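Order of writing sets the chain letters: A, B, C, D, E and F. Residues in each chain are counted from 1.
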Amino acid sequence: MILDIIHILLPLLIIGSSLFAVLLKDLIAAAIAVAAMSLLLSLEFFILQAPDVAIAEAGIGACLTTAILVIAIKSTKRMEDEK
Amino acid sequence: MSIFESLLNTFETGSGFWNPIVWLVVILIVFLIIHILRGFGNKNYKVDTEQTKPFLSGNPEYSKEKMHIKGSNLYWGFTESLKWIFDNLNKMHTGNTSDYVLWFVIIISVLFLVVGLI
Amino acid sequence: MNGMSRIVKTITSIVFPFIMIFGLYIIAHGHLTPGGGFQGGAVVASGCAMILVAYGSVWTMGKIKEKNLSILESIGAICFIILAILGLGFGTVFFKNFLVGSNIIFGIVPSFGSTISNINTAGVIPLMNFAVGLKVIVGLFGIVLIMAYASRRRDNK
Amino acid sequence: MSKRNLFALIFFVIMAVFLFISSLMMHPFGNPEETNMDDEIIENAQIETGANNGVTAVVFDYRGFDTLGEATILFTAVAGVMIIFRRMNK
Amino acid sequence: MNFVDFLLQHSPALIVAIPLLGAFLTPLVSRINNKVRNIFVIIILLITTSIVLLLALDVFAGNIHTYIFGAKDLTLPVVRILFEVDAMSAFMAIIGSILLLVSVIYSWSFIEENSGLDKYYTLVLLLAAGMFGMMLTGDMFNFFVFLEITSIASCALIAFWTNKGKAVEAAFKYIVISSLAALFVLFAIALLYGQYNALNIAVLGSVIQFSYLDKIALVLLVAALAMKAGIVPMHMWLPDAYGRAPASVTIILVGATQASLYGVFRVCFTLYGNTINLSPTSIGWIIVLLGVITMLIGVSMALIQSDFKRLIAFSAVAEIGFIFLGIGTGLTLFANNQMFGLIGSTAMSGGIFHIINDSLDVGLLFLVAGAVYYATKETSLDKMGGLARNMKYTTIFFIIGLLAISGIPPMNGFASKLLIYESTFQLNPILAIVAILSSIMLLAVFVKVFHSVFLGPAQPKFKDVKEVPKTMLFAMGIIASIIIIFGLFPDLVINNIVEPAVNALINYSEYIRQVIPTFTGGF
Amino acid sequence: MIFNFPFIAVIALILIGLYAIIFRKNLIKMVIGITIIQSGVNLFLITLGYREGAVAPIFTSLPSGTEIPQGMVFPIPQALTLTSIVIGVAVLALMLSLIIHIYRHYGTLDVRKIGGEK
């Protein structure tokens, strides 16, 4: 039963953080939201009995992806200006 | 069938046929006729004399760059008369990456409607 | 990106060996516990990225040249593909696990079902893990390093 | 909302509806129907490859060629990033 | 077992592995010398080409090769990756190897002055491996992996001239489009995997049922791969990418596009071949309609372009429409045995013959455009003129390409287009009329180019323009001679190369029986 | 039992990513959209291979009483997902490098303003 609730709750959190990543105007904040999504995703992988993928997702998705996103944002523009 | 025979085969399309070798022979004959006709021409034409200068009703010749019809000016009449088509086509090609993806989504949804429902 | 304060540098250099050991453990035990070349490589590469952040891209690039990166990466990839081609030579086909069952390096086959871990198993898989691990460490870290270094070059202009 | 966005939204919604229906048509979560290929691997991986970790056995033995492709992709990406950030003048 | 047998047995793996090994070695080899590196790359590709030809000779004789990675014998259920080479795959691999070889010979002088050449050649070899992998693989996920290798390598090569903003922009568009397409392909593969728990194309083809999820997967696969192949209205990335990449890269991109096209056909004919009767000809008609739209819009857009390479890119789009028309006609009649024998097989041989013709013609024209750019540093048609005086050989090659692409005899384009016209006329006359109209407009387009680039009075600013170096002429000469040979002896090509490929696509049950011998189905 | 909720979440993630690509103007937002689609597809693959109450396919110190085929989740989707994750980071790195270059050339990240090609 608890597992079922987790299986509903974690995807909801992932969807929520991905919505944040899409909708936030501050790109650094969006990148952090992507990192949060990756971290939650790796938790979900762990609960779905895929520890291998969870390690890879935590290392690549949450750390390196954020690093290169932040590098790219720092060398371009931080705010998304919509006109 | 040896390779050489198969080279000279006539190529059949189901309702017609086509033999490029015969066609080549015909072309060669036509070229020969053209060459013979050319032989009847005026013999006293010389390069690098007054004869090669174009005659524009006595007006002076434009510079060489102006004499050349530019690529986008060719078929001007055609594109002008079908302007509405080309305008719409140009409007379609926005150069915007989001629009490219949008076209992809449109095609997917149309195909869903066609394949999924029918 | 320039280097950060001395505190950050010190803590990084203390933490870095532990991350390194953890990553190498994941690579080496890939055939027994969760992990493998990719996962361990990703962990080590994130550790190296931490060094990059702490010390700045200029310092890191001075230590590791771009040429060396590409050569190291080539070596990892060549090791991997040569292990695959050795399957053709010793075994019969590409990617044949030719070491398993041979009882020499990594050649022991465990008994079926739940077993305790024995690192001396799985044939060619641990070797491939190391080759891929090297490749992934250098590849992922190389991407981050080159991007950081290149975006720094613009600030000076 | 501009004309383009309205137009886009219509097709977007059509696609979304079809995809959501497809998610309802899938096998119930946690009970896959066809299992023969994966059962084969779970039963034989330990004996055939000697690896206790089934995933590693798949990654490096059963589907080793995919892994070669994956390593190649990383190699390609590094070469690509290097070629994009190279110095233009020789 | 002698060496040739050994080579033949392992050739499907070697065709992919040798370019990969070459690519990994290139950074090391290029430390020695530039010349050594160039020769090394050419030798690698020559070896690959000869293995491709060796394999193709055997496959065209009627044997389907399967190669299992990691085990000697095939076990059921199929857990390992299979390479399955039938005549269609071998046909595509021949095209790819010709284009790659020509491109590398051409790049010797064309790209010489740039920096980063070791990376360039590495990426070319990786692209080669990706293309061959896509063409030879018999596993869906493996196809996805090679699709990604191809797109990443092409993207990096499109952005080769990074000092031009438009090249970078085109590369960005290309990578967004292709990674999105690849993700949808992966999604479709996952849908199929979830239902049938199989990844092998033959296994999937034997159990597929055309349920709702299968339809979704079919649509996603066809749409995503058609986008990668440049079908209107998803073609817009193609002129950008083709127009801005160096010419030596563009010709490989033509091959990569054809590989995606091959993916569409493999999906429609082999993966869904057994269920095509269940869908009342709709997917065939969709492909025919897409082909017609592609021809018309591609050629109309080509007419109003003023950039040389962009114009050729749009005509390449139109040419892909011809292929789609021919093969779609075959697919429409696939369920109808009698009609298929009459019209369908002709249309399909036209379509498949046109794949090789299209890649050769468009490739030659791109090489000519590159040569003109090399000599004049100019791409706009409005600024050129009178180049035939300075570049005689290039002009001759352009005339050959012009005649070939617009389907004028005795070049190769005519034979395949004749087959397409005649068969589609019997299906629906309007299709044939549209096809002929587009072909005529293609001629008009290239006459315009011919006039504005090569004819006209000598321009003073091009007084010092010289003919391009010999290696570039040699590369163009290879393609031009193949075009003329194919044009003069179309019967030879159709009987020996095209017909086996058509039969391989039609007899999907043979393809499946290589893996599942008990499969009964199909004709 | 829980109404296929993880599958619905997968579709939702894919649609959110597509929304970001089609309706957002910023290039980095488009890249983030592609990352989200990538995550959705990865989640889908893993979810397909999940068996209720099963353990990971690792034999080292396996819980006693595990039925051998039925008690373990699928290993193949996990291997595929590993490949897919690495592909994702490779594509992302390439896209971001191109974006840095685009910003240097055009000085903007607006997808409508970089449309130099028509």
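Quick note on the criterion: contacts are C-beta pairs under 8 Å (C-beta built on N, C-alpha and C of every residue); 3 or more make two chains touch, one makes a residue touch a chain.
For clarity, every value in this text was computed on a predicted model and none was experimentally measured.
**Q** State the smallest step count from chain A to chain D, taking one step as a move to a touching chain.
**A** The least step count works out to 1.
**Q** Chains shared as neighbours by chain A and chain E?
**A** Common contact partners of chain A and chain E, which must touch each of the two, are C, D, F.
**Q** B-D versus B-F: which has more C-beta pairs touching?
**A** B-F
**Q** Which chain would you call central, comparing Cα centres to the global Cα centre?
**A** The most central chain, going by mean C-alpha position, is E.
**Q** Between chain B and chain C, what is the separation of their C-alpha centroids in Å?
**A** 56
**Q** Quick check: how many Å separate the C-alpha centres of chain E and chain F?
**A** Chain E and chain F have C-alpha centres separated by 29 Å.
**Q** Taking the mean of the C-alpha atoms as each chain's centre, how many Å separate chain A from chain B?
**A** Here the centre of chain B sits 53 Å away from the centre of chain A.
**Q** On a C-alpha centroid basis, what's the spacing between chain D and chain F, in Å?
**A** 8
**Q** Would you please write down the residue numbers of chain C that are in contact with two or more other chains?
**A** In chain C, the residues touching two or more other chains are 32-36, 38-39, 70, 73-74, 77, 81, 84, 94-95, 97, 110, 113, 115, 117, 136, 140, 143, 147, 150-151, 154.
**Q** Out of chain F, which residues touch more than one other chain, so two or more?
**A** If we look for residues of chain F contacting two or more partner chains, we find 1-2, 5-6, 14, 18-19, 21-25, 27, 30, 47-50, 56, 58-60, 68, 76, 78, 80, 82-83, 85-87, 89-91, 93-94, 96-101, 116-117.
**Q** Mind pulling the chain B residues that touch 2 or more other chains?
**A** If we look for residues of chain B contacting two or more partner chains, we find 90, 93, 95, 97, 99, 101-102, 105-106, 108, 112, 116.
**Q** Can you identify all of the chain pairs that touch?
**A** Touching chain pairs, listed by label, come out as A-C, A-D, A-F, B-D, B-E, B-F, C-D, C-E, C-F, D-E, D-F, E-F.
**Q** Which of the residues in chain C come into contact with chain A in the complex?
**A** Interface residues on chain C, with respect to chain A: 1, 26, 34-36, 38-39, 42-43, 45-46, 49, 53, 140, 143-144, 147-148, 151, 154.
**Q** Per the contact definition, I'd like the list of chain A residues that touch chain D in the complex.
**A** Against chain D, chain A makes touches at 7, 50, 52.
**Q** Please give the residue numbers of chain C that touch chain F in the complex, ascending.
**A** That would be residues 32-34, 36, 38-39, 110, 113-117, 136, 140, 143, 147, 150-151, 154 of chain C.
**Q** Can you name the residues of chain E that touch chain D in the complex?
**A** Against chain D, chain E makes touches at 20, 23-24, 69-70, 75, 77-81, 113-116, 119-120, 122-123, 126, 129-130, 133, 141-142, 145-146, 148-149, 152-153, 155-157, 159-160, 162-163, 168, 191, 194-199, 211-213, 216.
**Q** Could you please specify the touching residues of chain B with respect to chain F in the complex?
**A** 90, 93-98, 101-102, 105
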